[in-house]
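We call the chains A, B, C, D and E, going by the order they appear; numbering starts again at 1 in every chain.
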């Protein structure tokens, strides 16, 4: 897989994941202005700028899972939120099937890229039952006739492996893993083509983490979803991704097929990352070449 | 990852000889009175931590790991209380001591570090002062002595430019540095044992490694014992020689890490092991553990894991299995510990099926 | 390989065989703050809330049932029975104009609770709306609104209320207007702050990701979640409003006579503090108890919501 | 001064600072312009007039004048001045000062000059003699001269401008100016060169503003103040119960009225006014509002004023008659009206509520409109009210001041702001001003009082005394029916 | 150094607020019905005299013109002349300011003296009897009208016990000090419920935090844990609460000064309102607002000084 920017919109490339390109991130830059003071703003003093994403090109193919790894704060979440069309990028575009995603007037278009969030506790409205959360979007997007909303909600809940009675419960009566399932059901309700999962398992216990990973793998297979999977857990990423992009300080430093990246890392940072991964039973890996680097 | 800046190697004042028990828990019970009833969070836990040895403590979220450590440190969050058993620190039973005396005894023998270093540091105090606080307040050093000691400690945990960092506030440091400051604080009382409650969960892998390396070095060079709580088996595997697995407030399996991880003799340990993805060997599907952890508000008749156990037999539901020795230093609380090969094939069978992709 | 069917059955060896906590009735209570933490809809109240609510109910009942509880008319005077000591059919004696103090105390509960609640209702609505919009949209609207808030906040609210009641003339309407003009800022601030936090919560992002329109996100997703703090503040605000009314009464600008209200009762009784102390102490106590009840309710609600 | 001293001993130790607490501050020391009692009672300690009111309030006696003679045509008054009187700046008082003062007093606008309208000229033939000519025979002249607006000030304000003079006034009185912290306190010091040797006993007097009723009471008990100016009647009972506190009720000329604006229907109907007047239970008001410390009023004049007629058949409480009158009126079935009340004035509030419930029986639906005191004052004077409450205290020892104010619509006050207009009464008023013999005046004033009561142009409520609470250390303190007091006789014990 | 620049910037940023305040003050007071000239001149004032006074005080000009000249004079530090007392408002204010400042300082100090120890007691004995009592008793205070509390305090501590003067302000600083205790206490009692609750809540939050557990794990004495690790951090959030309530505190001087006959700005304000003395009302309100703004600035600074995480940007 090439790390080079795709050439022009709508161009079809084939990679390890196979299939046409569904989501393309081109030259994406996302800066945040620091809070700054009101007075400073009045005087036009430039507030501090955080360069969260600083020029990223990525391509996601149909049916493929792209893993995005990198240390904490390197801009993974920002990139994925941009990719889901939630932020207006400072510059660059995100295209879905060749069409710019952001500012798309068509709500049908925007629903095709959906997101699962990291924190299972804050990503559900605490005052809406699961049924309300799901039927709200179904009704609003007129995905099914009104009369069938309830049936569809039942199907979705079933799909993510929750019991039917969960419909009338508030999020707080669910465990973290169950909440994350609700989050996935919500994303799936919109029948998306692309699922962006921003560290969906990092807040979960290992055993629960396994069930969610399995669920995502199954969904991908049965629904043919394309997925951008963000994580800092190398093992998890290896388990789920076809391709991997390694991010460092707002830019993608390495990209390639999963086994390739794991076995023949090119970039120093990737090597450091892999060397740091603890392994069960494995003797501690030898110190990487970059050892001794100051820790920021 | 850091190379340790060479400071003067110090012999910890109170460090017992390697191999002597520093902390012994005997049948400790911790209960939390809640409006909805008494939550029996720790149920008769016994464990021993030796000087110079790293003991791992793993288990599902909510299995009572943190409360066990905090019970040992006499730092239970209110309203939790120890309701049974005894805590022996450096050979002395502290359960009957007067609070001030107990506090003094415990904190001069053991120290504790927490998961989130940012919240574990006082945000309004300079980090140097936080490290110097124990030498100054408790060890009776003068201001300059304490300062020198703090600088020394900061250097020991691999903080570059300690002179300059001395005056920094916690929020001005990176996560890994903060965690190392915490370790420096823990070391400032010259403990024989460090209790670490998920010290690396909040860090990413590269920084996690640096922190674990510092802890490992302390153990090797200074003979400081370590109790490491985590739910990451991989971390345990590369850090600890001994391992205790907890489930539902009890220790369910105990033994050498290597043995436990290669040949688990408790179904829970086995299941846990199989649900961890291996960075080097992706599988088609991970094993999961169906069902939910036990409700600790309720009494549990038999084995706490029984409702979720693939190898469950009738006896498991009615009679609680005690920790039973299997081989030297390896015990398991399972009625069927002796016949792992007899456990029915679980869904996890699929796990070894083949490399995916 | 294990391909689970699209719609049927749990996928994989998922956790939920008996995963859910015990459940209550399926239809949860409509009042979110009356649900307990597990959300099972059973009104399992905590002691603080119980005491607070029962006190409040007693006070409200005292007002509502005043005609039943007392044979006297709160307004009818008997100049021959002025300033009677307690006893003789008058539980708390009579006031200067020979009216039964106990009866007036009961009827005053009606007036004060109503005035207090209404005086809080308007600022609550206005402040919450503005705070919600400012917090969500930010930008110049937020900037201007916050500068206005700064200005109003810079005034000692009491000074402003007194000046406004003066300007507008005595009467309950003036009290409402004055308290509203001054009071909305607190709500705007609180709600804005909460919105700034809530809008960064992932559920708000998720609602946006689902392509829901802004008004719906504001009303359905943010408002219910930011209302708690505003509500809690409103509880103490009712007390403050009653106190403001009482103090206006002390300055002679309160609820116009002959309507009984605790404030005017206290100020009428002031000249007798040394001889007939109960004339001021009892209505004073009524204000205190009401304040206590509302504060306990607010406390209980906070405890119940799991926040501290 | 040789007034008899009612309060017992005069043997208190000399010296000391007397602190008087009061609800409001003075407004100004300008004796020709100011109407506020709290100002008047202060500058009266510094300024003296040719005559002064006698302690019973019914007559005048010479003060800075020695004696007077009246010409036969009753138009020329000649006064001999007291000798040896000095101003507090050391300058002796002469007839030139008197002429200057009276000329200034007459020249003001919107002040007390209405008292002096009859004066044609003032002359000073020699240092010790003053001659006053009137435009027509004017019997109340001595009473008018006794008023504070005609006090004797140094000629040409002792070389200062009018404004500067009143910032630190100079007079012949027993006390001299010290300082004034506006809104908090005024202090006067003893005049060491006072002409009445040996007086005053006090070193200084301080008036402090303490708006809260209870605070004033408490300060007397706590020893921080010695005299509490006009404590409300409602607090008298508790004051009497305190050790070391003495409560005195001094006979006054204070009368309270219900004003009815005849410009507003249906108050132009005499039956309505009478009905309302009949519906007022004055006995009950005295009992509840004044706590028994007063008497129902039968006339708009008060018992301590000359020519008051106790026999005037005033209207008394009689509900049956009230209903009868109502039935005869233009609004037999009642009407609705608004009472203008001062907020914060407890008497007003209570009175309004009592009236409200009495009028209900007549089918009159009365609302209470509370406005702050100064707005209430304005609205009354602009006659933008329907029914309201007011009171009056005399300043001089002659009924003319009040009678003109109350029943003569042309005197500037539209008959006490009621627009009452009865030609017979007006004619009698004018005649009385020019009548010198007591019997003749009595006859005229009796007629006026009778007619005014019959017309019920106001509802006369009650006469009430001046209440004062003071420390038992204070002796020699006396208040005159006009409300003023003399502090030169006061001593402070220890 | 960074603090100096910060104060400078904060001061500048109050300018638009103050301007807004001046607008509110000016127009608000003109809503009040009634004519100050008539109020001043009294019963028999002629129309000419009233008109003359109008000219003298500029009351005859259009209102916006009055505002502009008001603002212009304000910039020269001229607050105008009191209509009632015919004195410069600024000199009146100078007379009255000390009592009010004494009162505010006394109230704040007393409030802190009462609430800090109680909050510490409650937070360290969480959910036990001491905590319940400390939490419940001030709640009672929350509902008590200030003037009533004032009267009760006078009855109890001045008249029965003779511990303090009943009212007034005295002449010497020592007298000021003893006279200010009761009024200060009155305001403090109204403030303590709020302070105790916020301080207790933040103390509990801090006590539960990992760094306090760390401090305890270090084996430090209870006293050291409270003073070095808990109070300061708890104060960080409570100081803001105190700042927010300063406006309330300033407002309550209106009533408290009246009850205790203190010659402060609050009583002057009431007098001025009752007499429609516009310039004084404007002046006092401005000074009050300035005080609130200044106190908020101070609390911000204190906050920044206590909490190194605050960026003084």
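In this section, contacts are C-beta pairs under 8 Å (C-beta built on N, C-alpha and C of every residue); 3 or more make two chains touch, one makes a residue touch a chain.
Computed from a predicted model, the values in this text were never measured in an experiment.
With steps allowed only between chains in touch, the distance from chain B over to chain D comes to 2. Under the contact definition, chain B and chain C share the contacting chains A, E. The interface with the greater count of contacting C-beta pairs, when B-E is set against A-C, is A-C.
As a whole-number value, the distance joining the C-alpha centres of chain A and chain C reads 43 Å.
In terms of their C-alpha centroids, the spacing between chain C and chain D amounts to 50 Å. With centres defined as mean CA coordinates, chain E is found 25 Å away from chain C.
Remark: chain A and chain B have CA centroids separated by 32 Å (rounded to whole angstrom). Within chain B, residues 285, 287-289, 292 each touch two or more of the remaining chains. Across the assembly, chain D contributes 214, 371-372 as residues in contact with two or more other chains. In chain E, 33, 151, 270, 273 are the positions where the chain touches two or more neighbouring chains simultaneously. Remark: chain C residues 147-148, 150-160, 162-164, 166-169, 236, 239, 242-243, 246-247, 250-251, 263, 266, 270, 273-274, 280, 284, 287-292, 295-296, 308 touch chain E in the complex. Put simply, chain D touches chain C in their complex at residues 213-214, 217, 232, 234-235, 237-238, 241, 281, 284-285, 287-289, 342-346, 349-350, 352-354, 356-357, 368-372.
Only residues 1-3, 60-61, 160, 174-177, 203-210, 212, 231-235, 237-238, 258, 261-262, 271-273, 275-280, 282-283, 285-289, 292, 356-357 of chain B touch chain A when the two sit together in their complex. In the complex of the two chains, the chain D residues touching chain E come out as 21, 24-25, 27-28, 33-36, 109-111, 114, 181-185, 208-212, 214-216, 218-219, 221-222, 224, 371-375, 377-378, 381, 412-413.
Of all residues in chain A, only 71-72, 175, 205-211, 213-214, 217, 232-236, 238-239, 242, 258-259, 262, 272-282, 284, 287-288, 291-296 touch chain B in the complex they form.
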